[in-house]
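The letters A, B and C name the chains in turn, as written, and every chain counts its residues from 1.
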């Protein structure tokens, strides 16, 4: 059978970094084909080559059996390929209809025929069951709505092959179900779907075939029905994967002193809307408290408020029993807080600064690194040498710029800095996002070690597997409120998913020992 | 040594100068002159005599101040296009205050006082766009450009009462309140107005270097410029840094008056800045926002300016301004190309 | 004086005021419109000031050597486009800093125009006298009381027409839609197959052409070129664009406001109100607008950010 799309021996390098190394992939028409791999395995690069955003250094592309040369996305679009990007490629101030018809605008004379554009969008959205308002401005849509617009953009241009890059990263489990229904419907009508994801459960649920990439090469290809999550994970990393971290039971009982407390916390987001609505939580010394939730439900604002980067509109925050609600981030560091931020490049590191300088970020006014406003270079350097060795940051050159490190090492650098503050409580927000498996294991082990040493850890993550394996207790945050408080032994991913989408309260989740906090 | 360590700072400025000189040669030919003759005369006139050197140093001094001012702003992530207006208005305040206080304050004390007043005026004027950015998020580029014009208008207005009748300058200061000329120490420099403000410029350069790399505030300032979100996370109050950085920048620009008012003429004269603030931007860029680079770039532009005067018989001296513009454009392009080349080798 | 005569005099003064405001606003409006096109595409263009100078000189040279004022206009537009092309080359092709490029071009323009002024006209301050544009006596318009003369001036009429055209092109045509998308989110446009480079070049070159007309106006109105004759008008045009929220219509209105302030300042010279404060008015208004006193002034999201296709 002729493939809908075929890639033969595609190689693409950026400077000395080879992102795709002779990758071959054949997608059957009328199927959903999953492409999986860790961060940096080359999935997105491969799809960008296919879509004409990048030019391959060598190899061939065939569409419907015919060779194709894509010099730009326009060529790919003309051959029936459509791409839905992970970070939506939409123009926020323009309307839905304008975004969808951009580049192919219906005309009337020299101007744009807006009425016809809106009509055509309404028609095509109805046909595929993707509900949108053509006149709405994209910046006012929900995440799910924006994704529908992205898909419609491809369908409007007659795409027969739809490529989706990590489409479910920001969706609730229920929105994911809706998306999968749309994909299955597309396939039933003769379309083909390529799904890039690292979520193996979704691969098992919706795909027909799966190709695994590792370090830029194809590690294996399987019929989905003939494989399983463990095998795929093994192919992704090349060895048996530790899916659960070994840890002893928490030393902390209910009687342990609280390392961090939040009482009735209310926080507003950047638009002035309440993102955190009366959250109360306690992290005891010697325990890891996990916070689950779909991104955008207040976790970011919660962490920022706890760290002092965002003011609390109401409520109190205490570290070690001491009120810190009015204190600045620096003062909270002094009070015993440490913070591993969600975005290391945006918040956690100053890229051009050296490793040594980054290691004192937050302590640049404190002894022994500074006295009376003057920096003490010898103290900074010796601290760097010790810390880089202890946390296995490579290369361990105190004078090198932080931006020259790999993602995993950068994250280890941030973790090194925060964990060597001698803090009482550690806020860890998505600490293993975008990091290779070796570094993930290292960071997990260090967090457990901190907890064993009597520190409190607040772990926010969108990776349920990570939360279930690390946390001693779990909270679920939905629309700014805590809707569930439980223990990992007493729940599972499906239950958590229900609470994460607001459908858990009121029902009795199977086997849950914890009770829902209204 | 790692090639990037010297490629990044040296190649763009050198390339810019080379291209500018080449294109300048084209203009020279266009007016029917021989480039080798013109450039040769320039070099001889500028570096061939102590007087020439003195002139170069005199012209370079204010460029060091404005170059440092813009450089400090850049390091904090701010684009201070207002050094011109800051220098202008603070020099006026120097001249005005000097004339007003001269009868009451003894000479040397007045000198020190006027230096402080100039720096304070510059700091205050530059703090305004800093505060507007800190409080309202208003971009400093437009505001500083606007304030340049406002400074001119304000000085014109105050000049009605401050200027000597029928002139556009403030009354002269007594000699005791002025900075000594350097030709008193080195007689060979006689005739050129280079004065002790040159030493102030050197001191300023050293001070800026220490501030940026040896103090906690400097660490915070550079972090705020490189990554405000990370700086904030590290406990830095970024809007406060903006205001303080602009104030420091303005104070440095405020020292321009020291060269002209306190070291040369003894009074403020309308129009004396003649673009020194804008040229300071070129100096800061060419000097890679580093005090040493700024010093070298200031010398270069000072030499160029003096060279223009020397060759004025052969070629319109405005050639120098053309060269300045070309240098700026090529410098920023070369910077981009070098960065891209380095990234590809990584 | 009778009441009727007094009233007629009042109307005449008002009309005269309006006429002078219109004349003065022409270069501002052209500069602001041009700037809007560049910035809507995502390229900050501070070089309007330099473009005014270069094109005013070009007009003067062409009109001087050919004796034909319209040829001067063509030369001015060409000079504007050429200067803008340099800015586009530096900022779009080489992706260098856009603000510094604008400043560099302005410094270059001052030096270049002075150099040529000296070389051709042997003067540091002004050129010889050149032809201005002959009036267009359009029926109906040229007979209007008070406003007749100004509405017979070709460039005034062209500017008014261009304001309307500029608005329509930007908000009602495919080109305008694509230009705006490239200024807000160039990646989105690129994934749809649009050329970010070509669209940004177009925006910058249009700004050069419009500002070139502004330079032609300056020289033809004054019948000569004088040193640094742009006198900061390019920056006021930039300010007007901001006050007008990057919209050709809003920019034109802001230009009228600034032009009125300038007319007021000229007419009130020597009166009790200090001249200098009226001079400062456009600048202070701009600063107030930027500080949010009159609602949000938000530039296009990708304004000032060079687009690098490999950095995705």
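The rule we apply is simple: a contact is a pair of C-beta atoms (placed from the backbone, for glycine too) under 8 Å apart; a residue touches a chain by one contact, two chains touch by 3 or more.
No experiment lies behind these values; they were computed from the predicted model shown.
Q: Going by average Cα coordinates, which chain is farthest removed from subunit B?
A: Result for the farthest chain: A.
Q: Quick check: more C-beta contact pairs at B-C or at A-C?
A: Ranking B-C and A-C by C-beta contacts puts B-C first.
Q: Could you tell me the distance, in whole angstrom, between the mean C-alpha positions of subunit A and subunit C?
A: One centre to the other, that is 47 Å.
Q: Go ahead and note the Å separation of the Cα centroids belonging to subunit B and subunit C.
A: 30
Q: List the residues on subunit C that touch subunit B in their complex, please.
A: 46, 86, 90, 94-97, 99-101, 103-112, 114-115, 118-119, 232, 235, 238-239, 242, 274-277, 279-280, 283-284, 286-287, 290-292
Q: Under the stated contact criterion, what part of subunit B meets subunit A in this complex?
A: 213-217, 219-220, 222-223, 226-227, 229-235, 237, 343-346
Q: Would you mind writing out the residues of subunit B in touch with subunit C in their complex?
A: Touch list, subunit B to subunit C: 27, 30-31, 79, 81, 132, 135-139, 141-143, 145-147, 149-150, 153-154, 156-157, 275, 278-279, 281-282, 285, 316, 318-326, 328-329, 332-333, 335-337.
Q: Show me the residue ranges of subunit A that touch subunit B in the complex, using the header's touch definition.
A: That would be residues 15-16, 307, 309, 328-330, 333, 339, 341, 346-353, 357, 361-362, 364-365, 370, 373-375, 404 of subunit A.
Q: Name, in rising order, each residue of subunit A that touches subunit C in their complex.
A: Per the touch definition, subunit A meets subunit C at residues 14, 48, 51, 53, 72-75, 77, 83, 85, 89-94, 98-99, 102-103, 105, 107, 110-112, 153.
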